[in-house]
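Going in written order, the chains are labelled A, B, C and D, and every chain counts its residues from 1.
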Amino acid sequence: MSQLVPDTPELSEFYKRLPDYSLAPLWTVLSSLITPVPVSRCQPAHWDYKKVRPLILESGSLITAKQAERRVLILENPGMPGESKITDSLYAGLQLILPGEVAPAHRHSQSALRFIVEGSGAYTAVDGEKTIMEEGDFVITPSWTWHDHGNDSTEPMVWLDGLDIPLVSMLDASFFEKYPDDLFPQSRPVGDALARYGSGLLPVGYEHARPTSPVFNYPFAKTRKALEQMKLADEWDPCHGLKSRFVNPVTGDYAMPTMATHMQLLPKGFESETYRSTDATVFSVAEGSGKSTVGDQIIEWQRRDTFVVPSWTEIRHFPATESYLFSFSNRPVQEKLGLWREKRGED
Amino acid sequence: MSQLVPDTPELSEFYKRLPDYSLAPLWTVLSSLITPVPVSRCQPAHWDYKKVRPLILESGSLITAKQAERRVLILENPGMPGESKITDSLYAGLQLILPGEVAPAHRHSQSALRFIVEGSGAYTAVDGEKTIMEEGDFVITPSWTWHDHGNDSTEPMVWLDGLDIPLVSMLDASFFEKYPDDLFPQSRPVGDALARYGSGLLPVGYEHARPTSPVFNYPFAKTRKALEQMKLADEWDPCHGLKSRFVNPVTGDYAMPTMATHMQLLPKGFESETYRSTDATVFSVAEGSGKSTVGDQIIEWQRRDTFVVPSWTEIRHFPATESYLFSFSNRPVQEKLGLWREKRGED
Amino acid sequence: MSQLVPDTPELSEFYKRLPDYSLAPLWTVLSSLITPVPVSRCQPAHWDYKKVRPLILESGSLITAKQAERRVLILENPGMPGESKITDSLYAGLQLILPGEVAPAHRHSQSALRFIVEGSGAYTAVDGEKTIMEEGDFVITPSWTWHDHGNDSTEPMVWLDGLDIPLVSMLDASFFEKYPDDLFPQSRPVGDALARYGSGLLPVGYEHARPTSPVFNYPFAKTRKALEQMKLADEWDPCHGLKSRFVNPVTGDYAMPTMATHMQLLPKGFESETYRSTDATVFSVAEGSGKSTVGDQIIEWQRRDTFVVPSWTEIRHFPATESYLFSFSNRPVQEKLGLWREKRGED
Amino acid sequence: MSQLVPDTPELSEFYKRLPDYSLAPLWTVLSSLITPVPVSRCQPAHWDYKKVRPLILESGSLITAKQAERRVLILENPGMPGESKITDSLYAGLQLILPGEVAPAHRHSQSALRFIVEGSGAYTAVDGEKTIMEEGDFVITPSWTWHDHGNDSTEPMVWLDGLDIPLVSMLDASFFEKYPDDLFPQSRPVGDALARYGSGLLPVGYEHARPTSPVFNYPFAKTRKALEQMKLADEWDPCHGLKSRFVNPVTGDYAMPTMATHMQLLPKGFESETYRSTDATVFSVAEGSGKSTVGDQIIEWQRRDTFVVPSWTEIRHFPATESYLFSFSNRPVQEKLGLWREKRGED
């Protein structure tokens, strides 16, 4: 759509009068608003955990979790510095919580996911139920639920935060509230939600009020065991290896309404076929190592690294060892709106 | 609706002429067609496993599983003898499979559930995947899937069959087909379906073609562990104790489209409040013992017993020991059609 | 599944002992319970309105609408006389309401449809809103809604009633209640529901509590006009001509949860291809004339006639003139339960 | 969330090192990312058609519809000049098409709505079916459907365009394609879609592939007639008068997946109660005149005017005459994501 509207003196004069009426010509900007394929400033990027970890730990010596409200280093997309975004619609950060610390209770309309990168035994509490977190666990704090984090273990814990902050900002739907105390009172035993809602059962007559899964911790131990079992069928998707999405047991939909979350097993030596989709995707390496080509870049990843693939950018995976990749994106939003596309193979 | 239409000679003469036209007056039968509350010949009934078991085993010496196609003793509701029904819409039976036997592969539009009553290690195979069955497991053979059963263990296995046979008959939608061989070929490893679909994950892009859960064994070990955990919350439904329904992970709906299946934990000494609902319900005692009042009858039940509660009949449970009750009914049908009702407490 | 289990003396003796335990062998009845294709006593049948009308009018002289509660001649399937059924799961009748009469207010869990066969200007009132009925209108009284009928016109009105009585009976879910007065009080203007819910709009924030359409009259004038317009596209389904289903505007689902309703336009001289489906179907001729082959029978139909096609029975239509056929069946029930099948063309 | 983290020299030095690693501290920006209530640069604004119309017509003398691809003056929110947005997530513009002109065929992933402001008899064609447009009509061009516009009448036509351009940009999901010819070939008669899908009927077996309504013109004549009928019930929402949403007949959902569209009748002299919601809303006055308070501004509106209400801004309507207001917003997106909120009455 290359509008080559010659810029006449009459048009120029006309354009000048429009702003006073809060008007503007469409034809001069149409080709940048509606593009033939997705166009974004979002770039492929890679955060090497070995390099980033010292900075995260340093932040722990400079500010407390409570002072910071949440002590997080944002993973800013290098194409959009200063915008607190890892993709156009999503935010990601690495959060540190030290032994004995508490990140105080609050709630917000933004949905958050946590993917545990390092440590063992810290907890997240959601609406009065704690869950103890281990590496590889996928933990949810649904929109508008009270939540706090604490670390009763003896080691630091670091996790990857994924939130829909830019999306909620664009929709002008942000609400935030602090709880009067640091900790929201606990009312249910640890493990209750997973047993009650995530074991192939739902309480009789149960009606779930919100679009997010009532299960708020999908332990890696369980996920890994399932993928190990699936391996035996020896059926591999040429683009994805063995890729499963985390599911809201009440609906079968994505575990979260705004963010898809997946765990993916790539066997050693697998070479995935070229793939692209419109959901820019953040990957976190739960296990293994290898490399991926993202557009014309090569990303060499190891356990605990994070990397991001922009919308409609070709990706191929080359795991050196058997690898588990966690990933998240805005795919459910696009699917609900009829916008999501994928393409397998090269053009 | 007690139409007291006086039976005049004119009316009598009129009635006589109608059958020739395949006509009949509504007003003489209306009150029996549309009743103020549910009216059925279905009666409360109890099958004491200690008494029934010898007959089941005797059947094993009289006919083979293969000869019988399925060697089952139907649990016939005493109010409807000869009709092969345990309630108006459902069929139940106790099926025996002896070591070394095979119940040959076939498929039918009727959905079947199996609740394992006695034995360990026999299998059901569904569409090319076997599952090994243990006591308390809830196993599904979805509508129109190839399935066979076999017993490679050294002990007899008995399970409770629940099928929607009367419902499918009324809907005139029965189809049946035998597989040319006794066994349908196995193509997937044991445990694949549960890992793939029943672990909080679904394969990316998965679209489930039928309304029945792709998980076809809900092992009692898993169900029991979940209920044990839920007990800790110490929240008891006054009518049901702790009652959960088995769920289709693809939709969050019932595991089967025509039959609800539930597992229910009643703590020792619990005395449930009066309850009634429009879905006549078949109970199988997975663990424990106690009694239930069903209408004006008292049913004393033990492990492995079966009993049935007719529609809209008051029930109360009095477990003597901690008890697990499995149950099934046509509740999903009624809910989908907007017909289901329940009533808590006495009139 | 023709089990030819030889009847040994041992088996005979065994069979005799079973009824005392409310048990019965499956293998002697299996082949009649689970049939290779649908088997029913339901037969093709035809009610010629010219022959039936005098009897309907005669009933009007023998009993009042109020005395009868509903003055209806049931269309009994000739294969199931005395069972008040037109198919295994559905009831149909022709109801007469004379000028000045009232059929008093009541409600029941059974859903009812009315298809107006003769007359103009009588009304049905549902939950406080009247609708004036004309020939060809499709009117709904949803489950458990108060409804009464009256005729303020100067001519008799006759309509075809379709109810899910046998289905609700099998599900043991019948409830019935009479309203204390003959007429339920009117609270909304005539035409409100159609405007509010059936004009491409729904009230903002509207949540519909029941599975039946809030539109309870689909006027033939509107339906006919739509089909006339659709004719211009000149796209004909080889089996159905131009067949549309009535829709619940809140969900896009069938207008009623238990019964599909369709209007079908067959152009003059059309010869439909062989078709069969598992939903036994009742047809009412809104306009036109022709014949249909149903299994090995030929039914010659005219305006206002009713005929019924059993499950899985081949049908072909041969309209002599442009014809409009209204029809209803249990298809939504079968679809919700995953049971519905159709077959186009001959075997 | 007023993080008052004192800015120490150590922190400052730390902050300086972070950008090299594409990292940034969350705690310095958290309070601007996650706000207690929605915060946006979007402002209340009003486009007086009397003032804007001359500029629109002037554009018609400066550039042809074909040259411009679409000759539109964008309604730019005064709080976000140069961003081609009327709210944070939506685009709006006024499009002119002169007699004899054609706006050539193309398709894009962005969904578009047209609300006809002035003129009669021009057409929009969608995927091979034309619809003739009149004032007050609400017309849809669904995502990725071929569409062109033309004016075979003798007068100019002006409509309000509403598109989800900013939303699709943020999701990085824009695709665009030009059709090789100016006009996409017509294959269905005018009026087919409305008859086929918008008359209380759907074709038997119809499965709709996309989330947008298959009806693509909701004529004002029909909408107005429905609202006129609804008036008789004399039930008024204190905040909205009589407000209905346009519905996708296949699902009962909004007519479009990304934009809610409503028509609202305000009776003469009505004074609405204070209302706010999180979906910033664009209003177009179909009929009548009056004023609305929007936050602390007063907007005096007349027929054909456009005005916009930002998210979470209090609005009250004071119609001077009976008025019809068309409006659109991103409400379906927020509802699907669990983010939408409203508040009735004052704080």
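Basically, a residue touches a chain if its C-beta (ideal position, glycine included) is under 8 Å from a C-beta of that chain, and two chains touch if they have at least 3 such contacts.
All of these numbers come straight from a predicted model, not from anything done at the bench.
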Checklist line | Mutual neighbours - chains that touch chain A and chain D alike | finding: none
Checklist line | Distance from the mean Cα position of chain B to that of chain A, given in whole angstrom | finding: 42
Checklist line | Centroid spacing, where centroids are CA-atom means, of chain B and chain C in whole angstrom | finding: 30
Check: Which whole number of Å gives the spacing of the CA centres of chain B and chain D?
Finding: 51
Next item on the list: Specify, in ascending order, the residues of chain A that touch 2 or more different other chains.
Entry: none
Margin query: Let me make sure I understand the interfaces: which chain pairs count as touching?
Written below: A-B, A-D, B-C, C-D
Item checked: List of chain C residues in touch with chain B within their complex -> 1, 3, 5, 8, 10-11, 14, 17-19, 21-27, 29-30, 33-40, 42, 45, 47, 51-52, 55, 58-59, 62-63, 67-78, 81-82, 84, 87-89, 91, 93, 106, 108-110, 143, 164-178, 210-212, 257-258, 278, 280, 310-312, 330, 333-334, 336-341
Next item on the list: Can you check the complex and tell me which residues of chain A touch chain B?
Entry: 188-189, 191-192, 194-196, 198-204, 215, 218, 222-223, 225-227, 229-230, 232-233, 237, 240, 243-252, 262-263
